[in-house]
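Labels for the chains are A, B, C and D, by order of writing; each one numbers its residues from 1.
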Amino acid sequence: MTTEIRINDELDLENPILIEGLAGIGHVGRNCVSYLADNLDAEKIGTIESHHLPPYTIVEDDKTLTPLQNKVYQMEVNNRDIIMIEGNAQASSAEGHYEIAHRVLDFADEIGAEEIITIGGYGKGDVVEEPEVFGAVTGQEVQKDYSSYGISFDHDVGQIVGISGLLLGLGKQRGKKGIALLGETPGFLMSDPKSTEAVLQVMEKILEVDLDYSQLDDKVEESQEVLKKLQNLKGSQGEKEQSQQQSSDLGYIG
Amino acid sequence: MTTEIRINDELDLENPILIEGLAGIGHVGRNCVSYLADNLDAEKIGTIESHHLPPYTIVEDDKTLTPLQNKVYQMEVNNRDIIMIEGNAQASSAEGHYEIAHRVLDFADEIGAEEIITIGGYGKGDVVEEPEVFGAVTGQEVQKDYSSYGISFDHDVGQIVGISGLLLGLGKQRGKKGIALLGETPGFLMSDPKSTEAVLQVMEKILEVDLDYSQLDDKVEESQEVLKKLQNLKGSQGEKEQSQQQSSDLGYIG
Amino acid sequence: MTTEIRINDELDLENPILIEGLAGIGHVGRNCVSYLADNLDAEKIGTIESHHLPPYTIVEDDKTLTPLQNKVYQMEVNNRDIIMIEGNAQASSAEGHYEIAHRVLDFADEIGAEEIITIGGYGKGDVVEEPEVFGAVTGQEVQKDYSSYGISFDHDVGQIVGISGLLLGLGKQRGKKGIALLGETPGFLMSDPKSTEAVLQVMEKILEVDLDYSQLDDKVEESQEVLKKLQNLKGSQGEKEQSQQQSSDLGYIG
Amino acid sequence: MTTEIRINDELDLENPILIEGLAGIGHVGRNCVSYLADNLDAEKIGTIESHHLPPYTIVEDDKTLTPLQNKVYQMEVNNRDIIMIEGNAQASSAEGHYEIAHRVLDFADEIGAEEIITIGGYGKGDVVEEPEVFGAVTGQEVQKDYSSYGISFDHDVGQIVGISGLLLGLGKQRGKKGIALLGETPGFLMSDPKSTEAVLQVMEKILEVDLDYSQLDDKVEESQEVLKKLQNLKGSQGEKEQSQQQSSDLGYIG
């Protein structure tokens, strides 16, 4: 490897948008993108693997083994090509975060994606009644593009940890433009359905689609189960250091 | 190096099975494979060393020094070539786990091994009366192949940490098929003879051999001593951080 | 990358001095150099990025995203070319510290800088009434060059952690000469204006300039806000391990 | 770099012995070799630096800066060429330990050194009245060579952490032979003069020299001061994680 994006077929895209939602606080990013993929009939076209992910292998419910990997989806919405990156794992080291982000940006260059939307959670550290969706952008002009979707730019998010920030911060230097959507979430919920729904409502407006929310609870529960698998480790190992490491792996905002 | 598999002689194998049992919870994997090697007169044919193992050097009972390394064994059972990997050490970083797993899979490719059995422990976090052996497989069809050996596929193991999972999860992508056998163990026993015996009984059926269990206690005690050597460090250094690191190195399920 | 210094235009400098002030205890180095840049109308000519910095992306007050990067400034003072390196981030690993320091020294070689001044804080661990500025040098002869600027060489600083030490210790081996200026600071203040002012007064004499201190409070407050952004993470993640890591990243003397 | 051994002049040695004593428990190895170098008029002929050492720069008593580096000494004793490696720093990661050890072994190959003596401390975790010197060897035949020097081979040292073990464990595979001498020490003394003297008395017999012990207290005090410099950091940073890391860096047996 060390970080490899495998795409099954050759891609022929026109001005695609890249949407990212990986594991993070409240699993908001992962759940949003996963739900979009299901609901809008996206096709899974590839995977992302890396030496920098935690060295875990998931045991699926049917007892088959799947390496920790992120997935790449493709769909066409209102004549616009969309590529989505979704999954349960971020890097386990600083160097790994940068390497994976640069590799995804190389991929964006290869497929001609100039616009990027990243999705994550913002942990408030307290109960959240009506979760807002906070935005952070590559440039002031982008804020205007996204001004009519109910995104709040009145917040005090100071930084984004992990890929959701890096793709935009580093991407900006390659001429990409885009927005990070951060669903407000308590921070202590493993999977937050309310925050996920809030971000989905924004995405509905951005993509000009109608989403069916009836299966959102299933999706959230599904992700809850994956998280439980990954968290089980804690109990079974009884290793404080280990569980801390895992928490920090998965606890990122991005 | 950085990760090197040294084989003494040229190998000429036919469709060999690769069996792995390295350090982990209850030392089940290491003890099973070590016991199989002894009991079935396997020949030690090589070693695996890596920059990614902990930087420890073992002082043997005769006061000679041995670098931390894993061993490669060869044997022929019922006209089937078998290569086994056994040892006291796994990688000390995420990147190291992936590198070692890929290097072992390269070796599997080189010797034409298409079938892999990995052995580890599953820490229940509680007393275990009658340890079961849980299975996780590369694909549903493999589950059928292993259905008559007393392996339980009715469990809630969510993930495998370390090489026992990676060899199968990553190996699957290279066309390998196989099974992870996880002996149920409390998780707080350094070396668990009951769990080791449970897995050995499964291996006995898989390999169609008769094992002599009379020396199992010796084997378990021997591994207990190695673990004590590696654990001694804790006491002698009095460094909490150090001992935690070591625990997590050795505490993996795989 | 892995560590990249990007300079916008070709540089044509004569015997420039290199001044470094990155994140560290009391944010003394970063604030001094940032203040010098503002007050002496330095021009921002480039950036330093690295895979070894923490994987954070800053959300600016106008909600635009900036990758964690350090800045390179140029100015001419009394006919002397000066290049300054300033910023909020140091490496997150031992290897990263060495790599970034060597890369900056390569850059010093490229632009012909033979003299280096590094600025940091020295955490006393107690209240500091009248902060002194401690000096450490590449060689005894340098101490004489800097003897008339109010720098104290009567201190018990035992070592410098991070770039402020490495640039001089490693630079010395490349024939560079220079001094580390360490502003005495309690160590528990995020941004220490008194210590910053003490070092600025020394720099005023070294550079033979008149500084306007009226905006120092603004500058310190600005850095306080950046630090708060970077510290916010703590609260929002509620991850002890994470916050510890961050503390050690930013808590270095250098 | 990443790990570089710089030798000032070309070496022309005949069958030299390599002696290693780096930072570790009770600073026994570093102090022994440093004392031998002083007492037997060894010449400093080079340095070892590495990206893998902690990123610290030492402020000497005369306020000059020295990068963390280990030193290479040469001397001739009873017509036998001896090369010694001494210093205050070991690697800060598993990978770094292996890399530095292999680089030193490459150097041993280059100068034709087939025999290696490594010196360290063995932390007993309790008061030590009469410190013994424990030995661990590359092979049984070596134990005989060293049987008449008062070295105890009746001990329960289970493993050696760091370079003192790796040089012999890995060196053995390159055909080197040698011994690790471990001075018994409580483990909570920063610099242990009694243990150092015990090992020096063994070295006196091995090298067939007469050592003048009158300056041993000065030597131990000197190392105590370096350690204090390196420990000062703890207090000044008030960072628990940082100090733990440092402890584990320096706390190794080897």
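FYI, contacts are C-beta pairs under 8 Å (C-beta built on N, C-alpha and C of every residue); 3 or more make two chains touch, one makes a residue touch a chain.
Keep in mind the model is a prediction, meaning the values are calculated, not measured.
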Farthest chain from chain A by C-alpha centroid distance is chain D
Given over half shared residue numbers means same and under half means different, the chain A/chain B interface is different
Taking each chain's mean CA coordinate, chain B and chain C are separated, in whole Å, by 49
For the pair chain C and chain D, the C-alpha centroid-to-centroid distance in angstrom is 35
Multi-chain contacts in chain B, i.e. residues touching at least two other chains, fall at 93, 245
Contact graph of the chains (line, ring, star, complete, other): ring
Which chains touch? The pairs are A-B, A-C, B-D, C-D
So, in the complex, the side of chain B touching chain A is made of residues 25, 91, 93-95, 97-99, 101-102, 122-125, 135-140, 143, 153, 155-162, 165-166, 168-170, 172-173, 180, 187-188, 244-245, 247-248, 251-253
Listed in rising order, the residues of chain C that touch chain A in the complex are 1-2, 50-59, 62-68, 92-93, 96, 228-233, 235-242, 245
